[in-house]
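Take a look at the structure below.
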Amino acid sequence: MEKINKSILSEIIKTRDPESYKGNYGRILIIAGSLPFGGAAILSTSAAVHTGAGLVTVLTIPEKFTAINTVVPEAMTLDYNDKQEMARAIIKSNVIVVGPGLGTSTNTAEIISSVIKNSDSETTVIMDASALTVAAENKIDLTRVSKLILTPHQGEWARLSGLDIPEQTPDNNEAALKKIAPNAVLILKKHHSEIYDFGKILQIDNGNPGMATGGMGDTLTGILAGFIGQFGFSIETISAGLYLHSYIADKINKTDYVVLPSKLIGKIPKYMMKLSN
Amino acid sequence: MEKINKSILSEIIKTRDPESYKGNYGRILIIAGSLPFGGAAILSTSAAVHTGAGLVTVLTIPEKFTAINTVVPEAMTLDYNDKQEMARAIIKSNVIVVGPGLGTSTNTAEIISSVIKNSDSETTVIMDASALTVAAENKIDLTRVSKLILTPHQGEWARLSGLDIPEQTPDNNEAALKKIAPNAVLILKKHHSEIYDFGKILQIDNGNPGMATGGMGDTLTGILAGFIGQFGFSIETISAGLYLHSYIADKINKTDYVVLPSKLIGKIPKYMMKLSN
Amino acid sequence: MEKINKSILSEIIKTRDPESYKGNYGRILIIAGSLPFGGAAILSTSAAVHTGAGLVTVLTIPEKFTAINTVVPEAMTLDYNDKQEMARAIIKSNVIVVGPGLGTSTNTAEIISSVIKNSDSETTVIMDASALTVAAENKIDLTRVSKLILTPHQGEWARLSGLDIPEQTPDNNEAALKKIAPNAVLILKKHHSEIYDFGKILQIDNGNPGMATGGMGDTLTGILAGFIGQFGFSIETISAGLYLHSYIADKINKTDYVVLPSKLIGKIPKYMMKLSN
Amino acid sequence: MEKINKSILSEIIKTRDPESYKGNYGRILIIAGSLPFGGAAILSTSAAVHTGAGLVTVLTIPEKFTAINTVVPEAMTLDYNDKQEMARAIIKSNVIVVGPGLGTSTNTAEIISSVIKNSDSETTVIMDASALTVAAENKIDLTRVSKLILTPHQGEWARLSGLDIPEQTPDNNEAALKKIAPNAVLILKKHHSEIYDFGKILQIDNGNPGMATGGMGDTLTGILAGFIGQFGFSIETISAGLYLHSYIADKINKTDYVVLPSKLIGKIPKYMMKLSN
């Protein structure tokens, strides 16, 4: 298994062209949040904004607009209960996160279907959390998404793949992924998270157990979306996003017992500058 | 009376196992808040998140969801007016705080009854503030909770025990506790707070009068919940949580006239790291 | 005119008794805020909490509860449209701020009447902003409040006293105050604000024009309330509160062009500790 | 094309008169925000407050009041759906920002018409974003506003002027402006933004691509409004506001990969003091 090296960060995080404008840095759509899980939408959105994504829109429920406006005034807010609005937002976006805090209500299946229907071959879709469960339960055909990233943690992967945690060996994981979504990149979140990319397996060797706290995975989705919006879809970009998330967490964990997602997010702009080429 | 020593902190705050995940660090339920007392729910929840609790859910009224999402996006929010939702949340949790900002409406008695009915022998219940008053007034049988912590300040303890403050001697307190809740650990909040644990009496010798401000007790409940969620229910864990609360407050009080709960909470991750083993 | 000296701060800001509890530090009620002026309620409340007031309750409209909970989770919130709730809150409080952001609707007159009716000879009432205008317009008899502080700026004082700003000489101000509210202490907010106290006139010689910004007066009311709640009603306490407000503003103005109320409030605990005896 | 020099800042940012009060520093009205674009209203308002504007009112929808109160308690909030309230607010203001986050609904045309009708020859109007598009689409006659500033970025200017980005040469821009709004000052936001002022063309030579992120333009409108409210309407004031925005962004970009509007806003008071005369 190949290790992802810190040097991936300076390879990927490019100095920006002075003549560029926000339209060059991605149109990100975060489909996230429900009545009980509002914070997930905030963390994913805030992470995307802090990585430097050009335009970030959250598709959530109106009850969450005030909290999002307060914490992330840089982002726009739309209502996923308005199906036309949802379809238009998906069509206009080039990177879509679907899952953080959606829960497993019937609505989630509809949302995923709309993403699949309204995205095109240039759209990256990052599926997280409950979206993965719902896709599996509803046997939604994920092969229609050409740039798909799945980000389960070990427990979610167990439910998706049928593999208990001790059985989650590289070979088993690869075989399971081929069945579930042969066209997807899998990020398996664990101690030293792994990336499965069409036969290639990569692994980070950073990260720490202070990250074992609610919201850490939501934060990763926002970082990945921001990275892909700016630096393009590639295994290198995905590796860099995953690495950065753990890299900043390791810095925080030197002084903080628990690595709080809100704190990690606030430090993204500084570490990206420090590590850029 | 035995003094609690600072060394309790490094004994209890363990370095985390690299192979652990958030499910290992407690499923905390904070039942708190009502229309006039929304801040209490925020402070208790935020304190639990900042200690490193794995999963923190607040059971409150929907009117408070936005403020909680904004201040503590790491936490989940549920509605205690939905009795089935409440029951499910209690069953899924292993540490429950009940009381901060609930007020003394009839609803509070129902909530306490649901906690008693739906928790099991492995569940720790921390009862604070109005929940204590309501339990006393409604003669709710607290002996069915096997891991129970009561956290009154002297005034609340006077109402509960019938002991005026000058009468609150160790012997009287112990006798009163035996009658009220023989199976409970009592934390009596005062200058140099005391812990009564089945015949054993412990006392901290830190803390300061800058802590005499609204919300300080709510903050303690969150710290205790986070500690028990991570380090298990024991008199040592309780002692460490109580000690840490005053320890950080003493640090703040060196420079700040009043020790604001929000500020204390923000410093928990750093002091836990500094003081861990 | 006597100058207020910085030494007033160390005289008034006492080291707290270790055996004290929050009930010793004032039960403050801030009656403030309306749909367009929600921020005034937040700033006054936050200032009171940051000075170390024991218990702070805001009486406002429910639409403002979420913002208050978010910014000042230490405070409690009640609805001034519920007249019984308002009466009970007034009776329970020993320091009341009435005015910031209330506006001049008919409701304000009713609120002032309830304050006068339900407060007693031990209650301090601080009247600010629109409350002053409404009291004047409705010819509300203020002599029934025994501990009354008025805090108009020059423009408000012109409307109240009928004195144009150039006419606002010490003699004229004193004469006007005798007619309007002979039992009141007047704080006239201006460059080098003045205090009129039953024949005695005091003046601060600090403050700066960076304070000429919205919300600065609301902040002062909260500081005064917190000081009186902790250190008792006296001309010295009032002088110290007024002085501290400008003192911190001067420190901020060394580095900041405009002195933002939110920033001033955040620095109160540190300056109170530094300047306490 | 004349370059704007950093010295413009110390020329314009004057030391305040000690005898001044908040009424001297502008009555600013920010007409901004709609359900999906609430953050734009917050950023514009917050920027105006942080520059030192005396009184700042936001005219928006009530759904956004809580977020504004939370982030900028110094500002007042009114509802633009109440047409009388809107008219009164416009009449009372001397600097008006119209556009950030309004979107292109029919309402926006009505709002612009009300601004034109109710402002007078002393009122400065800053038109941004969707307001520009709507004004063009509805052929609203902008010549009735005597002090008008337009702040499109290159894409918006393309839509307004019919000039594709490569065609946006100084001569073409000037000719187009003469047709669209001959009495307006045009700020064309781009790499090294330009100001077109009745035949004169000025350009800043600072700014950086880290500013290419959502909300950066909203922030500029607030800075311009605050500057004009305090320092008067002139090409020098406008130049200084534009320069400061990029100046602070350049400082942030030394350490941060993306320049977040919220962060830029927080630094305004310090840089204004440092750069004042």
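Letters are used for the chains, namely A, B, C and D, taken in the order the chains are written, and counting of residues starts over at 1 for each.
Keep in mind that, in the parts below, contacts are C-beta pairs under 8 Å (C-beta built on N, C-alpha and C of every residue); 3 or more make two chains touch, one makes a residue touch a chain.
Computed from a prediction, not measured in an experiment: that's the story for all the values here.
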| item | value |
| --- | --- |
| Between chain B and chain D, the fewest steps along chains that touch one another | 2 |
| Chains touching both chain A and chain B, listed by label | none |
| Centroid-based (C-alpha) most distant chain relative to chain C | A |
| Copy pair chain B, chain C: interface residue numbering same or different (half cut) | different |
| Rotation angle (°) superposing Cα atoms of chain A on chain D, nearest 5 | 90 |
| Centroid distance [mean C-alpha coordinates] between chain D and chain C, Å | 34 |
| Cα-centroid distance, chain A relative to chain C, in whole angstrom | 49 |
| Contacts with 2+ other chains: residues of chain A | 66, 70 |
| Touch-based graph of the chains, sorted into line, ring, star, complete or other | ring |
| Chains grouped in pairs wherever the two touch, ordered by label | A-B, A-D, B-C, C-D |
| Chain D contact footprint on chain C (complex, rising order) | 35-40, 42-43, 46, 63-64, 66-67, 70-71, 153-155, 190-191, 208-210, 212-216, 253-263 |
| Chain B partner contacts - residues on chain C that touch it in the complex | 13, 16-25, 49-57, 62, 65-66, 69-70, 72-78, 268-270, 272-274, 276 |
